[in-house]
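Consider the two complexes below, in which subunit A is the common component and subunit B and subunit C are the respective partners.
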Partner chain A sequence: MNFGAKSKDLLVELKRSDWLPPYNEDGVRGVLAEIQALYDELTDTLGGRTTSDIPDPVKVSLVVHHQALLRNKRCLLTYLKWRADRITQLRWETGPVVPQELQQSLSAREMELFNTYDRILTNFTQGLNLDLTADLQPPKELHVEVRVLSDCGEIMTDHGSVKLDRGTTHLLRRSDVEHLVRQGLLQELENEST
Partner chain B sequence: MEDEIASEAGPQDKRHASGWNTLALSVAGLSRPFFAFGLSRTLWRNEVSAPELLKVDEHLVSDLIQQVENQQEIVDDARASPEEAFSASLYQMELDRLRYSLSKYLRTRLRKVERDALHVLATVDGEMQGRLSDREREHAKGYVDMLEDHFTRTCLSQMPSNFRSLTNTSQEENMVQEPNLDTFVVCRARDDVGLVQIGEAAGREESSMDLRQGDMFIVRYRPIRTLVLGGRVDLI
Partner chain C sequence: MLLDQRRLDFAYEQIVQDAAKARGACTVLVFVAPNCDAMCACRILSYMLRADAVSYKIKPVAGYGDISAANEELIKGNEDIRSVVMINCGAICNVVDLLSQLSPEAYVYIVDSNRPVHLANVYPKKDRVVVFVDEENGDVDNIPSDGEGLDGNDETSDESDADSDQEEELASNRSDESDDDDSDDGEARPEDKENTSPSDGLGQSAERGKGRAGRKRKRQTAARARRQAHDAEVTRRQRIRQYYNGATHGSASAVQLFAMAMQLNKDTNDLLWLAIVGLTDQYIHQRIDQEIYHMVVAQLQQHVVAKNSKTSLETSSADGKTLVPVSEMGRITCDMEFRFMLHRHWSLYESMYFSNFVASKLNVWNSNGRHRLEEFLAKMGFSLEQCKQKYPFMSCQLRKRLRDQIEKYAEDYGLQDVFYGSYQRYCGFKNPLSAADMVYCITALAEHKDLVGVTTEQGPGDSTGVEEDEEGWIDSFNTAYDALSGKSPMLLKQGLSLSMSLQRAVVQQAVTMMEKRSLTLFKHFRYAFIRSSETDERLFTQPMALRKLAAFLIDVHRENGRWAGDKARPLVIMAERVSTYLVVGVTCPKIAGTVIKNRFGACFQLAAQQIQARARHDGFEASVMEISKEDVHDFIQALHDTMSA
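Now for the complex of A and B:
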């Protein structure tokens, strides 16, 4: 038996993916089964004896099994934590809703995780009088020039309403359009402004 | 740092009280947003560079947020009148900068709170916990609960019962991540600190550096930790 190969595969999957690979339910179940098998082997070998009764060669095998078990656990938690970190990061980038195309990569539990994080983050920012998710980049200019990548309808600014049709460019207050840029509906044009 | 902040916050409050808070374009008038910006920049620069969470000054932060709000109202009013519109846009830029540095500061802290949540909540002496604001402490608890719940339901509950713990620190299997205090930081002294012992851990002869006001050094964080916490040294 090749200990830890399954859990390694899970981590390699993460590494090869741009954002997150689809949640690997089978892989996780496989690792859990391996952990259980290792544990059974351990308890069988131990057979209720105390360590002093066990001959040294058996002790070695116990250590190997125990370490393999711990390693599997660690890899599995790393897999979940890495995913959880990406998911919570997503809340900062795209706001309180998971974009449609990313939803299929998440398990039902991970969607729950996202919603829970959304709730505790909202809890944190409430009453703070400061929108932490805005101003992710240091401001350079008061206005930015943006190109509309897909129709956003009309937005209200201080100087009246602006209709954002696809393909048009506008010079607007950064604070008015920042959230749209982050959602990828607008593109910021650099160094082309007046 | 508290002393420094207290002494800096003093005159600010006075100006506030003397009705300074109107949008008159004078040289003295302009200094205020710059001033607040410098203060908040020191705050977040320290926080960004330090490997561990620093102590938060809740009053200062909420005070700054409050002032940003007040100022924003004034600038909004001023933008309507043609003769003040130009200066209003200058103020607006300063306000945006200030708002950025404040939210950057709070965001950085929040990320560190999440990263070190288990470590912070596990420390018993309360010193670490005292560095968090109530809000952050609540967030740390919520975050840990969320992850624990997630891990338990996804995999830990299906493991053998004596392998279910997330916070097992007893043996070599330490599952709690701690900040790395031995990382290198760039620091600048605020005043004459004198001799600081460094490098005793390296097993070599004890070396020390003479830290004078304005001196810059690249050192490990651990030897200057108390100086940073005491506000005598800034991180860059």
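Now for the complex of A and C:
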């Protein structure tokens, strides 16, 4: 029996996808079944005997089965944890709604996780009165110099409106244009440090 | 009004204060012309504004059309804009007209090396226009003192006259020289001319004081004044005509803004380098005299030395004998620069072969000249095999000996003056980049970015080519602007190889033109046509490339004596574009390294008006014009007539 092959496949699947693969219900069940089988095998071999009663060659087989069981468990937990991390990270990056094309990759429980996490974070930001998701990296400077790559029309800022026409370069408050930079309409320029 | 280079910090503080007061989202609007000096200046300015967290908008502009468009689109109804900075554009036209939509509280700062400064900018009605000038280097010496207060004969009538004049001028745009007499009201006495060198931009009160004094004097000698008035009027008009006759260049914008940074204690090595590059741009493209160049280089030297002391960069190793260089990142050194372009990045042979200096003196394109060049290298003890390698791969010993050897033998081959004082900058432990290299690189990128790596992809239809041209230059501008930061070695490399191929093309084209004898002599100028079928690619559809070509032709003919002395004539080159010809007029000074006034601006305009040609005369350099194909032959005739008149 090829111990741990199924759980490995699950992890490889994670690694190969861009974001997350669809939740592999069958795979997870398969691994659980393997764990169950391993457990049964263990208890059968043990047969209610104490350690001293068991001959050494049998002990070896017991350890191998047990290790395989533990490994399967670890892989399964990794699978779930990895997905959960990606899902919570998604909340920071895109906001309170899961984009349509990503929704099909999530299981019902994972959607629930996302929504719960969203609720917690929203409550927390409301309590702080500060949008924590605005800056994922702490900004070095208040202002940022940006080049307009494609026309954005006029944008409103706290201090007034600015027209962003293609090819011009602006120094603006980071908070005003951060989202446009993320969308790729503006390009942040590297400068001589001030 | 004029503001001297030594007091620019006032202007900057005004900008910052206005920005603080207005609290708008974007209070400073910067117009930048697409040339190397302007980009350097703009980088200096934006650095300072960034340091003070003043939000700004940089708008590249290629011609007055762009500024007028911005006037309607960006400035109109935008109360936020408090300061408009115009870099290498605007000085020679009436800015108050041009930016008519600007709110009355806003200031316009003109940092422009183009001269003469339009008198309406020197003596604006409201002191909201500030022109940066360099008095020390004789920037304002010949400005007619026409704003010398309202101390004319009849103040009231004179003032209304002035007003109506101004209205006329508003209507008739910046075209006619005589329009600019408007701001003059009184008789222009020569002694006043000196007193009122309108340097003191903030000295309105002083001028008003002078006005009072004038009135007093007037009461005493009213009759005499009236008699003189007429004569004075005549001489004044003459003086003004003289003043506007021909375009020259003043202090480089980058140098001016570096002076400003210095007064504000914001000068860094990066900014110093930008100032040097801006200055070198002016020199290489023959906008300033060799003499002035040397003077400013000497002025900058003390800053270079102060900021780049050698001792701080080297520490001795444990045994106390060897000096171990520490990081040299960004260090600037003074060094003599060869008049071979890009020799550090090209092969030595090609660098000499294609440089204006060597090519024109040795006539390298014929076998005789090439032989002489090879002989020269042989005498120096440089094998051809080595010289045709890329410079970094040339043997180290040869590279070390290069300067001494050239110095030793250059005279024998008529290559006097092969060096000039310049600066280099080290980036890491690689080959240094000289200021001239930088200029070639940036200029090439600014004009021909679209040719980078484009070998097969020629625009399929002509019409698309035009549209790309309209927008494409902004991308080129931005690429060049980014390359100037020196943070992207890739861009610099591209620019260097681009400028090499450009120079190769220039020499080839020039040789073809000389062999075909396509240069025609008229009484007042020479001209030549370049058909698009004759040249590969679109190289010569850009003014700077044409200028390079013209400079090469002039250098060659000056050296071989055909255009020397009395036979010197300015050169007009017309290059075919899709449906137009690009016309560029270049002066031909009798001595290499000097600059004479370029009078083509007004002549082009008059000639085009005479034949009612469909022409676009929109760029900041008056000696560049675009004219439709059908009209071009008539235009040459008309130009001849105009210049004869």
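Everything below uses one rule, namely that the second predicted complex is superposed on the first by the 136 of 194 C-alpha atoms of A that agree within 3 Å, B and C clash if a C-alpha of one lies under 4 Å from a C-alpha of the other, contacts with A are read in each partner's own complex, and residues count from 1 in each chain.
Definition applied: contacts are C-beta pairs under 8 Å (C-beta built on N, C-alpha and C of every residue); 3 or more make two chains touch, one makes a residue touch a chain.
Everything numeric in this text was worked out from a predicted model, so none of it was measured.
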First (subunit B), second (subunit C), both or neither: which does A:Leu142 touch?
-> both
Is A:Lys8 in contact with subunit B, with subunit C, with both, or with neither (first, second, both, neither)?
-> neither
Counting only touches as set out at the top, which of subunit B and subunit C does A:Arg182 meet: first, second, both, neither?
-> neither
Is A:Thr169 contacted by the first partner subunit B, the second partner subunit C, both or neither?
-> second
Does the superposition put A:Arg86 against subunit B (first), subunit C (second), both, or neither?
-> neither
In the overlay, work out which of subunit B or subunit C sits against more residues of subunit A.
-> B
Could you list which residues of subunit A make contact with subunit B in one structure and with subunit C in the other?
-> 142, 158
Complex contact set, residues of subunit A against subunit B | 28, 31-32, 35-36, 39, 69-70, 73-74, 76-77, 80-81, 84, 88, 107, 109-110, 112-113, 116-117, 120-121, 123-124, 128-132, 134-135, 138-139, 142, 158, 174-175
Complex contact set, residues of subunit A against subunit C | 142-143, 145, 147, 157-163, 165-173, 176, 189-192, 194
As the complex stands, subunit C meets subunit A at residues 23-26, 43, 46-47, 49-51, 53-60, 73-74, 80, 268, 270, 471, 474-475, 477-478, 481-482, 485, 487
Spell out the part of subunit B that touches subunit A in their complex, as residue ranges.
-> 65-66, 68-69, 79, 89, 92-93, 96-97, 99-100, 102-104, 106-107, 110, 114, 135-136, 138-139, 142-143, 146-147, 149-151, 153-155, 158-160, 163, 166, 173, 175
